[in-house]
Structure formats: C-alpha cells, structure tokens
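Paired with chain B in one complex and with chain C in the other, chain A is shared by the two complexes that follow.
The block that comes next holds the complex of A and B.
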C-alpha cells in the first residue's frame, strides 16, 4: 500500500511537471489539467474532512471540560449553524452574504487591528530582547521608511524622503530578491526530494 | 529550455550528493534557532510538555507548496522523536490538504517509533481557513495545551504576529520560519528565534531527517553560487555594453 501511494504520488508529480515543461505536447497538458482538477476535487473533500476534524477536536474539549471549552461550544454552534444555513439558502443567498459581511469580515478586520498594535509593541520590545546590530538596523530602517512615507503635520522632510525611497527601491528590493531566490531554490530541492520519494508525507510511511 | 536544464542539473546533483552523504557525516554551520529547536524537542520529551508544530496556511497546489512540504518533513522527524512523550506533539495547518498530510505525517512518526496505538487523529488539526481564521484557531493551543515550544515552519504572512503574541503572553518559546517576506520580517521582530530566507528548508537537515536533506542543502549552496556568478556576469556584460 505504501509503495503504491509512493508510485501514484511520484507519477502524478512527474506528469504535472511534464505538462509545464512541454506545453506543446497536448496529451501532457490534458493529463496535467485532469490531475489538477482531481486535486481540486480532493481539496473540496479535504475541507469537509477538516471541518469534521475541527468539530471532533472541540467536541473532545467540551467533553473533557478543558480550559476554554466555552469558546469551543460557541465555535461548534456557529460551525453547524452556518453549515445548515448554507445548505438551506445556498452560498450566494442574501443571508449568507450578510453572515460573511456582517460577522466574518468585521472579526477578521478586528484581528488585523489587534495585529497593528501587536507589531508596534513587538518593535518596541525588539531592542530590549535582542540588542544586536541587525536589530538596530531593523528598527532604524522601519523608522526611516515610516518617516519617509507618513504624512507629517509639518510636511515631508526632503532628505528623509529621498533616503527612504532609495532604501525601499534599492536595498530592500535587492535584499528581497536575494531572499526570494533562496526560497525558490529551497522549494525546488524540497519538490525534488518528494519527486524522488526521499520525503513521503503521505501513505503513513 | 532553461528551466528543464536547471531542473535536470539540480536533480542530478541531488541524487549524486545523497548517495555521497550517506557515507560521510553532515557538517553544518551553526544556526542558533535550529540548535534551540533540537533542545526544544529534547526538553518536551523530558519534562512531559507538548510541542506545537504549526505548518501555516500555504496550499499544496500553489507556490507555497515548497514551504509546506519542508514543514511536513520536519514534522515527520519531530513526531517520531516525541511521540513516546507523555504529551505527544500537536500540529496545526490552515489548508485542508495540508491538514490531511499533517495527520498522515504524524501517524507515520508514531509508526516509525513503534507506538501506533498512541496516535490520536485530533493531534493534527486544521484550525481555520484563511490567514486570520487559521491564526485565531491556532492561538488557543499555546494557552490551553501545556505547550513548551511553538514551531512555526511553513507559509505565514502577517498573521504570524498574532501567534508570536500568543506565545509571548504564555512565556512559551517560539521558533519561526516562513517563505513569505512579510511573515519573515514579523517573525524577526517578534519571535525569540527566527529563521530567515531559505533557512526554513534547512530545518530537516539539522534535526536529522537524513542524507537527502543535507545533500539538498549542498545543492542549494551550489545553485546559489551559480546564480550569484550569473548575476555578476550579467551586470559586468551590461556595464561593458556587450548586452
């Protein structure tokens, strides 16, 4: 079973890759599209499994009266409530849109607001926790970029604005490209390990 | 044609070096965050506390798949080493397919440690879909489940700030790595230990995931050197007016 899972995974990976490398061979592109469509179907099924898993985790918490079980109960009520409403009204219905726009989006927006405060606090604490050269550069750059892009009551400071622009367009872009090239190489090698079957995050192996 | 050549070259090097590295011990440079990760794994087994491994919300069908797979490779080793602990690790993900693979990987770790009967499917969780839903679901794990260390290995954006804050509030160690630039900067500013850039992909090699992981680090270094030479060569040719 484990070998079969590995064979299927490696063959599917190679076929999808071949479709990217040889777009002029229509059979390969057709197979690639078919496999990706199957993957999308599996994604939908996995979402349902994920919701059931989430429900199981929180049901256990309530049953064992663990810390925070009240929140678990609220989560389960809303999970099944929204699921039932979705089945009754269908996702495009006004009620579902109201739930999305009136409940989910404001909650996410409030988390974003909390994040802004959290990051400000983290920036203040950074030098206290790790007082080294890189942290100093980090804080100084953040302050420079903020000063250069914020609308100040007395108008922009020309020197700061031009230095900030230069840092953003030259140093930051160069550094970001370097990091992204490293991430791309890491992703390539990780994908290769999976294609060769050296890493098998499937089939219980 | 260039991409096929890069792919074939990298694949060839990886195969050769994997066989070579099987015979020679890995020599790796010191990365403080990954040294602490090793210690955190040991401490969780010794003091009966739990590790929380979060794999982020990167999907397997898009560009973030690489970081998700790197996180899974590390999770496989962590679950094998800590599954016999009184409090086995808990893993969270924000993508349905990644969530399923998280459970499968945890189960594989238990199987490798010979304690299949201890595996609980609820130890691998999909805490929410979307960045903030995922973070909101993962935050209470730190507070409620006797966690000694949080390991963030995968695709995290700005929502990483909420997870670091939750860890800070509970005085729990957090080691973080993301393939996302915004996530990396937030982890650098707010986590005790942050891995920058491709260091995320080195985690497996540092915790003993095998010769293929150490070989892939060497191949990454070689490819990076080639990219640097190509960039310098291109800049020189442009400067000389040849291109």
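The block that comes next holds the complex of A and C.
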C-alpha cells in the first residue's frame, strides 16, 4: 500500500508537471486538466470529510462532558445549521448573504481590528524584551512608514514622506525579493522531494 | 418569496453583536469572545462545506452521473473511488485506505506548487531584479536604486544560507564572509518586515475604523 501510494503521488505529479512544461503537446495538457479535475473533486470531498471530522471531535467532547463542551454544542448547531441552510438555499441566496454580512464578514473584520491592538502591544514588547540591531531597524522602519503614509493633523512632513516612499519602493523591495525567492526555492525543493519520493506527507514512509 | 423582516437591519444588528463580542477581547480572553469564535468556526465550516457541494461535487460529480449514468460513470469513476477511499478516513480501522487518494492530491499539488513557484515567483522576481538595471531609467537611478535592490535581494538570501563547516570542537560554523554578509542581510530583513508590519497595522486600523463606523451608522439608521 505504501509503495503504491508513492507511485501514485509521483506519477500524478510528473504527469501534471509535464502538462505545464510541454503545453504544445495537447495530450499532456488534456491529461493534466483531467488529473487536476479529479484532484479538485477529491479535495471537495475531503472538505466535507473535514467538516464531518470537526463535528465528530466536538461530539466526543460533549459526550465525555469535557471542559468547554458548551462551546462545542454551539459549534455543532452552527455547523449543521449553516450547512443545511446552504443545501436548501444556494450560497448566492439572500439568506446566505445575510449570514455572510451578519456573521462571517463582521467577525473576520473584527478579528482584523483586534489585530491593531495586539500588533501594537507586540511591537512594544519586542523592544522591551529584545532590543537588538534587527529589532531597532524593524521598529524604526515601521514608525517611518506609518508617519510617511498617515494623514497628520499639521500636514505631511515632505522629507519623511520622500524617505518612507524610497524605503518602501527600494530597500523593502530588495529584502522582500530575497525573502520571496527564498520561499520559492523552498517550495520548489519541497515539491521536488515529493516527486522524487523522498518526502511522503500522505503517510507512505 | 420576500422575507418577513428587514434583511439589512437584521444583518446590521447581528454584525453589531458579533463585532462587540470579538472586540471584547481587548479587555482580555472572555466567554463572549470564545463563543463568537466557536460560532464563527462552525458557521465557516458549514458554509465552506455547502459551497463545496454546490460548486464542485454537484455539477462535476453528481449531475454527470444522474444525466447520463453510463457515460458519467466512465468520466467520474476514478474520482468516485478516490472519494469513497477518503470517506474511509472517518473510520480509524479503514483510515489507511485514504492514503491513496491523499497521495494523488499531494502529488498533483506538488506539481502545481513547482510550476507556481517557477513561473509565479522565481522568474518574475529575478526578472524584476534584472530590470532594476534598465539603462533607460537613468544612470543615477540604476546606480542607487538598482544596486540597493540587488544588494537587498542577495544579502537577504545569504542570511538564509545555513551551510556550515564543523569546528574542531564539532560545533557548526558558517564561513566568516557569509557571517558578515548575513549580518548586513539582517538590515534589509528588518526594513522589509518593518514595512510589512506597517502595512498590516494600517489594514488592521482601517478594519477597526470600519467596524466603529458601521456601529455608528447602524444606530444612525435606527
């Protein structure tokens, strides 16, 4: 079973990759599209299984009367309630729009708003706990960018605005490019390790 | 059929309640914040599951089987088997069978990752760094900005170079020149992360202002 899993992963990966590298060979592109459609279907099914698994975990918490089982009950009510509403109406229906605008979007936006407070707190803690070269550069840059982009009551300071623009468009771009290239090289290597069978995250060790 | 209540008012009131529940985290982790998070998790999971059903499983799996069972089965036979094996992951005894479709998804995903990393990030970023030396931008621009971008890119990459040799006592040590260059790379990493922090902080602040404005508007409309 483990060898078969590795063979399936490597074969699927190589066939999909071939479609990207040889777009002029229509057979390879057709196979790639077919395989990606299959993967999409299986991913959608995995999403449903994931939701069921979440429900199972919280049902067990309620059955064992674990701490916080009230939260689990609320979670289950909303999980099945919203899923049933989604099945009866469609995701574009007014009821689902109400759910989106009344629950999901406000909670997401509010969590982002809470981030404003926690980030400020984290920035202050960083300076108090580890005031080294990188931390100082980090905080100074953040302060400079915020000063340069915010609308101040007494008007913008031209020098600060120009310097912050230059830092954003040149220095930060250089660093971001280095980080992005590093991430891309890491992703490339991880993907290749899966295709060579060196890494088997699907449990085929 | 029209709904028996004002939809926008109901959405506004619900939005107000959930906003206050989440913002209560500012005074510390509490019952209302946790309750809102569990409601959000359950509702999100249910919403995503219904979207997966309507947008993927129904049109691409169920409808082909219902409209033309023989032709449909040949089209979706393999993913159907895969889905059955994935469902087996719910049972601890049969979970091993789910390894095969997961291997398929991981393999296809790895190929998409490789193609995406090459064509979406690696080539465009390298080309962007080369284009910073475009002569049409002017000599001074190239000498200052182009060199700064190149230095930033290279020094940041060097910072993440962890190749080392063993010292006589067995402990690992990077080459001295790499150590110096990596120290310079820390400057660019600090600047980049500071800029990202400022961007995220601005977005968070905008979200906070938007939430407060929506509450004020709701009371204004009542």
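Quick notes
The working rule: the second predicted complex is superposed on the first by the 202 of 205 C-alpha atoms of A that agree within 3 Å, B and C clash if a C-alpha of one lies under 4 Å from a C-alpha of the other, contacts with A are read in each partner's own complex, and residues count from 1 in each chain.
Simple rule for what comes next: a residue touches a chain if its C-beta (ideal position, glycine included) is under 8 Å from a C-beta of that chain, and two chains touch if they have at least 3 such contacts.
Please read all numbers here as calculations on a predicted model, not as lab measurements.
Once the two complexes are overlaid on the shared chain, A:24 sits clear of chain B and of chain C alike. Of the two partner chains placed by superposition, only chain B is touched by A:129; chain C is not.
Looking at the shared chain after the overlay, A:67 reaches chain B, while chain C stays out of its contact range.
Comparing chain B with chain C, more residues of chain A are touched by C.
Of the two partner chains placed around the shared chain by superposition, chain B is the only one that A:198 touches, whereas chain C remains out of contact. Judged by the touch definition given at the top, the superposed model places A:56 against both chain B and chain C.
Residue overlap on chain A between the chain B contacts of one complex and the chain C contacts of the other covers 17, 21, 36, 39-40, 42-43, 46-47, 49-51, 53-54, 56, 68, 71, 107, 111-112, 114-115, 119, 123, 138, 176, 178-183, 185, 187-188, 190-192, 194-195, 200-204.
For chain A in complex with chain C, the residues that touch the partner chain are 1-2, 4-6, 8-17, 20-21, 35-54, 56, 68, 71-72, 74-87, 90-91, 94-107, 109-117, 119-120, 123, 133-142, 144-146, 149, 167-185, 187-188, 190-192, 194-195, 200-204.
Against chain B, in their complex, chain A makes its touches with residues 17, 21, 36, 39-40, 42-43, 46-47, 49-51, 53-54, 56-57, 60-61, 66-68, 71, 107-108, 111-112, 114-115, 118-119, 121-123, 125-126, 129, 138, 176, 178-183, 185-196, 198-205.
Within the complex, the chain B residues that touch chain A are 3-4, 6-7, 10-11, 14-15, 18, 59-61, 63, 65-67, 69-70, 72-73, 76, 96-97, 99-101, 103-105, 107-108, 111, 121-122, 124-130, 132-133, 135-137, 140, 143-144, 158-159, 161-162, 164-165, 179, 181, 184, 186, 188-190, 192, 196-198, 200-202, 204, 209-210, 212-213, 216, 219-220, 223-224, 227. Across the complex, chain C meets chain A through its residues 3, 7, 10-15, 18-19, 22-23, 25-26, 34-36, 38-57, 60-61, 76, 78-79, 82-83, 86-87, 89-90, 96, 99-119, 121-122, 125-126, 128-129, 144-145, 148-157, 159-160, 185-205, 207-208, 210-211, 214.
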